[in-house]
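Starting off with a structure, shown below.
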Amino acid sequence: MSKRIITFGEILLRLSPPNHSKLYKSRTFEAHYGGAEANVGASLALFGCDVKFVTSVPDNELGDSALSELRSYGVEPIAVKQGKRLGVYYFEQGASERPGKVLYDRDASSFANLKKGMIDWEVIFKDADWFHWSGITASLTEDLAILSKEALEAASKLGLTISADLNYRPTLWNYGKKASEIMPDLVQYCDVLLGGSDDSEKCLNIKIEESESMDSVFRKWKKQFPKLKTIVSTMRYDANASSNTIGAILWNDEKLLKSKEYKISHIVDRIGAGDAFMAGLIYGLITWPESYQKTLEYAVAASCLKHSIPGDINLSSVNDVTALMNGASGGRVIR
Amino acid sequence: MSKRIITFGEILLRLSPPNHSKLYKSRTFEAHYGGAEANVGASLALFGCDVKFVTSVPDNELGDSALSELRSYGVEPIAVKQGKRLGVYYFEQGASERPGKVLYDRDASSFANLKKGMIDWEVIFKDADWFHWSGITASLTEDLAILSKEALEAASKLGLTISADLNYRPTLWNYGKKASEIMPDLVQYCDVLLGGSDDSEKCLNIKIEESESMDSVFRKWKKQFPKLKTIVSTMRYDANASSNTIGAILWNDEKLLKSKEYKISHIVDRIGAGDAFMAGLIYGLITWPESYQKTLEYAVAASCLKHSIPGDINLSSVNDVTALMNGASGGRVIR
Amino acid sequence: MSKRIITFGEILLRLSPPNHSKLYKSRTFEAHYGGAEANVGASLALFGCDVKFVTSVPDNELGDSALSELRSYGVEPIAVKQGKRLGVYYFEQGASERPGKVLYDRDASSFANLKKGMIDWEVIFKDADWFHWSGITASLTEDLAILSKEALEAASKLGLTISADLNYRPTLWNYGKKASEIMPDLVQYCDVLLGGSDDSEKCLNIKIEESESMDSVFRKWKKQFPKLKTIVSTMRYDANASSNTIGAILWNDEKLLKSKEYKISHIVDRIGAGDAFMAGLIYGLITWPESYQKTLEYAVAASCLKHSIPGDINLSSVNDVTALMNGASGGRVIR
Amino acid sequence: MSKRIITFGEILLRLSPPNHSKLYKSRTFEAHYGGAEANVGASLALFGCDVKFVTSVPDNELGDSALSELRSYGVEPIAVKQGKRLGVYYFEQGASERPGKVLYDRDASSFANLKKGMIDWEVIFKDADWFHWSGITASLTEDLAILSKEALEAASKLGLTISADLNYRPTLWNYGKKASEIMPDLVQYCDVLLGGSDDSEKCLNIKIEESESMDSVFRKWKKQFPKLKTIVSTMRYDANASSNTIGAILWNDEKLLKSKEYKISHIVDRIGAGDAFMAGLIYGLITWPESYQKTLEYAVAASCLKHSIPGDINLSSVNDVTALMNGASGGRVIR
Amino acid sequence: MSKRIITFGEILLRLSPPNHSKLYKSRTFEAHYGGAEANVGASLALFGCDVKFVTSVPDNELGDSALSELRSYGVEPIAVKQGKRLGVYYFEQGASERPGKVLYDRDASSFANLKKGMIDWEVIFKDADWFHWSGITASLTEDLAILSKEALEAASKLGLTISADLNYRPTLWNYGKKASEIMPDLVQYCDVLLGGSDDSEKCLNIKIEESESMDSVFRKWKKQFPKLKTIVSTMRYDANASSNTIGAILWNDEKLLKSKEYKISHIVDRIGAGDAFMAGLIYGLITWPESYQKTLEYAVAASCLKHSIPGDINLSSVNDVTALMNGASGGRVIR
Amino acid sequence: MSKRIITFGEILLRLSPPNHSKLYKSRTFEAHYGGAEANVGASLALFGCDVKFVTSVPDNELGDSALSELRSYGVEPIAVKQGKRLGVYYFEQGASERPGKVLYDRDASSFANLKKGMIDWEVIFKDADWFHWSGITASLTEDLAILSKEALEAASKLGLTISADLNYRPTLWNYGKKASEIMPDLVQYCDVLLGGSDDSEKCLNIKIEESESMDSVFRKWKKQFPKLKTIVSTMRYDANASSNTIGAILWNDEKLLKSKEYKISHIVDRIGAGDAFMAGLIYGLITWPESYQKTLEYAVAASCLKHSIPGDINLSSVNDVTALMNGASGGRVIR
């Protein structure tokens, strides 16, 4: 795999009470490092891609630890060391009828302190093929929205393929601008987009009907953002905190493809399932550029496996994903 | 919430092997503190009620630890410090076809040593509104049955609302009296009762037919105990140790109401699910005295959530319970 | 239970990442000791049988620890102390669509170093009633296949009942001989055999049709190995790594009996489920020699319970198994 | 003990890698709640005092958890629920030559967001006898320095005894004012002060000579702050991260008393040792107002025991401290 | 080693908070099984002796678990299965100035329920060579004192060598008789006795002077109990909860031998150090009957090693003990 | 730091029982990855050097995990993926008089399977400045000794500085050659050597007198191996398993320098202390080529800190080491 991929975003320390304990009660936390774009990058690196991750961390043990974790997956971190704190989020695993809870504690982090001009995009994008970003970065501060635009312009100028995950988190958008005021200006640079119909108006400022078909929704998006070539959306049905059914659709500028669906009966950790999908998608688009259905199936199978793995990052190999995609059952012990 | 609630019972140290290990094999135990009436009190305190818990513990580190745990939930313990040991129970979590096991080790505990006259009920019940007890206390020693009666008389005299959970545990009734010889004399003081048809003859000495409707059963109970105004029963279907369906019924002296049912697909810990129901019921009866259906739904939703929480105590807040009652799904991560 | 049972095989240190972690990521391992024949022996000892386990371990702390574990179940180990290492296997627990993985690391172990003449079978089999072995031993080295034959001849000469589990693991057969070249010569000594239709050609060199009935398959086996009196096969349906349905069949030289099936909704640990079945079968054949159906139901119930127990060994008692066999549900907490 | 004590400060979530792991490497954290003034309050409550703790926490699970922890010790929290985050600090336990490390992550916490006028001091101090605060609060923000002054004026007006711990932490004073510009204005209200000669110039703006006797230093302090009646200082000798010798001195407006010294050969956790001393001092001053030597010995013994207890808080009882103070050795197991 | 040894006593479940946590605060317990006489037996079995342990446990999972633990060391348990509970003790590990604490919870245990006539001593002692008991058994109930006498008479009649550890625990002697009223009648049967000068009056009813030499003390004991041939006493100096110096003396009916002393700088777990000494002593007396000094050195080295091993039982081998006895240093890693 | 360093050796999975448990008893293992040369490389990378590590691992999850661990420190692994198993060693932490134990289980590992010609040394050494190897590799198989020679010749040809640690482990040399037959032929290529007087005859075939001065010993070595420019030796005094005193000497072809000594009172983990020294030495020789004393002090301080850090690898930064070297005490918490 010779394509070089750049991802950009915040890496956070995740703290989770073990064994379904509640945040209120737990006196132990399991630590993972993750974040939407870091998760995509790590999974791609584990698939064998050449990945760099652009971020900012404080110059202390926790910042070093986050970078060390990235390196362990084979990701090369490019980190501006500044600011005072590593962003944190607390994740309380749900069970059955009790939903999982995420408590963000990322205000005033080193990453949130990044500003336009602090990163030399031209150097970073030199010789790179792909740039991946997500809406989370733009939601954190206005400076980060501006910085995202700076990155997108540079990537566009150098001809990189650009992918984004809208990743709309209403509680994060609180610096005074709405997502719909910011995101369209950034999405226009994208070739590949992951988003759902719920995001259409709130994120992209594109109104859709309640019962509008996804084909129609994606065509509206394409009209608004003509550079888009691939649009995907993931779906989750019949879900409680411990089990659900997942699937996805992909619109390849021509038609809408539907993936196989997986009934996931026992969820170990669903954080990062969307990022696992995104990594699978990018891997597929690069590896099988002609075969959208295969790419879609790979992405969904990757996302399915992520639900069985603790932490934010899909630790599955290409072999693991391919086996599931090809019909292997989880019911046989591999010896 | 200004109602003041008194609960009375034993608080035990619960020791559980972690991660589905068996008692036979485990060399680590997770410690929780709990007990039927303490669990009701703690849940009510977490719902915002003013709760006192009357008990007895030894004057040692474990007794102090049990009281500390109660305080942590906002419960004010009123403990007679005497006797030599804190009662213990071992709980082996089951899985699928393997049933959970409780091994009681509460003989000769400080609580089991309590006797009539050791508690100043008049002081405790002064300015209180509600008294909750359960059949477990009466099952432990004859002295505790007598003491329960002393409490009930005092509470009645002072006009408190009285609730009880029959909590019939055959293996605990072994001091020479049958439940049916003791319990009716205590239940006569109750306004609110939680029990099932199985308990009718064994606990209340009221014979019922195999296929008798619950409406009819509860009318018989009412006839025998005319003070009863609310009678509830919980149900569990299709159960194995890891999943089941729960629901409940409530008879409000007029008609029989049925709750929504919840299929709980992944049980984390079912101990205390009945106590969570009882706390929800008391909370509802106090908060929405006019709306029995709402109260019943609240109680069942509370019990449902308890199945997802390790330990004896339902750590859910009013918001958590209300969200589930109003249809929120466990399948969406709260961010 | 006065029957004396001898089992023979390797005992391994099993290392498993906790809580569904992956081998790649885990920095903690849970240690269990187990192995197909040791598991059968330990379960039989826990059922109250008199069991000896013949093996070889190195003369170091880990060898001693393995023997200590066997003793803890009441098994008397007869171990040749030689060689340099205890065999190890790593087990990564799967979840839902992610399959479990076993990584064997048993090459050059003390057991793999055993040779004909190192064990005094005559002494061991003296006064014994039953000998159990499995195809795993024969798969490891040619010396072990020869040693297995030596044991079988001695056991036959002394009139022991002989049982075997084919336990066909393709990745283990790599010393240059195929299973079908070795196993028939050993199976000829057996009275009782556990195997599946998949094993017929690869293990026993007996061709069968794709859709051949098990009754027909077993009759072919009987024809080839006329000493066989009881043949059993276990089945697993609709399986993912977390749930499945199990059942079994038994052919008693007359007709094919089918067991009840169990839907196991939450698998804790499926390693050793076949060994638990085998132990149940041996126990049943000894205890209820006339009642094959009862024996079969006991064996399946034992195997079902094993799925709920961490580690390789079925820690269930005769009471536990009998209760399930008689219809007890896992849904009721035993107090 | 009928004296009512008010303490005021921040309560933080402390996260520590277990078993001497480093922050850089650990993927598990042990959680404790603590903070200089909370630690003093909790220890006093465990000594049997009536303690309230004034603070601010966010209205989320972690804020609730911090308050729950305080309640578990018998402290009544008075918390302004506002702001977005609970302050955090990471503590890496040292060993031998490797020093412990504290990484503060308390910027922008709910407590740091407190301002003058948000707390009704008159209500809080009504019927109270003692007010304890520390220099940490004043170091965090200028608003907190102003709020501290507001509290001190109210406490003075109502005649409470006032104690303070200078607790000089250079890295915390970074809002643009030096400690010496802020602290003297606050210290003037104090009756009891804990501080060291190092703090004299930096904190109190009082120059001292390199080799000036503590008697002389304290007389200078008294001259500057005439309300001071008791001044104490703790000492630590021959220290590495695992062992040291501690002692203390007390100047009671007349003469300088010296405590017994303790060689602590195995430190379990030294965080909070100063707070344990302070709690012991307040307890002694209230309990034995005539006996400064006894008070000093009690305070040092309390601090000594804290070194053996994980977490921030001295969990020792009056009996534990008194036994050590009276010469009991740690070398005898109490049965 | 062909000598057959019988030990008799209670085996308890020990529950300890991990990592120096306090009982008050810990919500996890490490479980060990132990008891003075069981510890002696297990250590002797690990030294290669043939050991049986006579006891009583309840017929439940914890009773089975205790017996399983004994078997794991190679001890053959002979257990009367009766009564309702396994005795428990809580052990809070101390550190430096904080002493360890033992909280006994063994009242009403199965063992405490044993009575004369429940054990067939003649069968047990048949072909045995040595009987070891301790004063703890006699301290628990009067029935157990009587039962101890029954055992001693039987053992004497059959000519076994008899050893005892006085193990004087004042808090256990509370059934109305003083140790000095009971113990002399039992000690008269002993050939070997472990005790200290503190026990002389309280346990043996033999007055000694404050400054009386141990030689003189032991001569007085010998005079009173003429059967005594070997008397030993262990010593502990300069102790805090984490470090101390140990040594021992042995009087062999002729002269007083002194052992080497060990400075134990880091105590891991000192529970059972006396039992480890006793096991070493018995092993030595059997193995080197002529060499009292060697026996004494072996016993002290065994006790020294026990301080480094978690749990009640000295897991050291003969090689481990001999190496230390012969001057090996703990400072060299064995590879 | 622009010097490029190549290290070569085996990386092993280390399995350690936690909290001073013994291998015999522990049912949990902590996993670390390490090995003499990997430890040197990881420490150098953490000091900021550019490090590659040449090794061989199996193509499975454990091999990948070992490489991932190396990457996490910033080391670039160059691994031949072949063979069937990752080498393992078990490490039982000692305490006080109980020595630590290492149980090697590295026979037949992927690394042990390496042969001459499998590694392209010319490519690896291109542009590199330094090559570090150790005697452990040569001890494992004759092929590895030959391969080591191949590497040394290539490194010499390309003009790299070459360092070695004799690392004499008698139990590893068992393929039929003595260290003294193999090592001199390899040591002749070295510029820098770490070894002790004990190794002189056994490893280098150079006889020395019992009381010969180190200066004289090192001169003899120099005479034999004229390329040597720096010879170092580490020392350990007054050691038990929990505490000792360390120091080192350096002979710089002119005179013998002695380092400061450190009394390490509480050892957390001493494995890798020599490798930490070696990494410090290489770092110093590169950074301060003129200042041997500074280099020596840095190396000893690095080794001292390693004793406080769990696992094989010295996680200390240059700042940490420099602070200790400059006299900072472990007794002050860094805030």
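Letters are used for the chains, namely A, B, C, D, E and F, taken in the order the chains are written, and counting of residues starts over at 1 for each.
We adopt the following convention: contacts are C-beta pairs under 8 Å (C-beta built on N, C-alpha and C of every residue); 3 or more make two chains touch, one makes a residue touch a chain.
Since the structure is predicted, the reported quantities are computational estimates derived from the model, not experimental observations.
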Farthest chain (mean CA position) relative to chain A: E
Label of the chain whose CA centroid is most distant from the centroid of chain D: C
Option reproducing the contacts of D-F, where over half of them reappear, out of A-D, A-F or D-E: D-E
Length of the line joining the C-alpha centres of chain E and chain F, rounded to whole Å: 45
Length of the line joining the C-alpha centres of chain B and chain D, rounded to whole Å: 41
Touching two or more other chains - residue numbers and ranges from chain B: 19, 22, 24-25, 27, 68, 101, 266
Topology of the chain contact graph, where touching chains are joined (line, ring, star, complete, other): other
Chain-chain contacts as defined at top: A-B, A-C, A-D, A-F, B-C, B-D, B-E, C-E, C-F, D-E, D-F, E-F
Residue ranges of chain A touching chain D (in the complex, touch as defined): 15, 22-32, 60-62, 64-65, 68, 84-85, 88, 90, 92, 101, 103, 105, 107-108
Residue numbers on chain F that touch chain D, as the complex places them: 18-19, 262, 264-268, 304-305, 307-311, 315-316, 320, 324, 328-335
Sites on chain D touched by chain B in the complex: 68-69, 71-74
Residues of chain B touching chain C in the complex: 19-22, 24-25, 94-102, 104, 169, 171, 236, 238-244, 266, 270-271
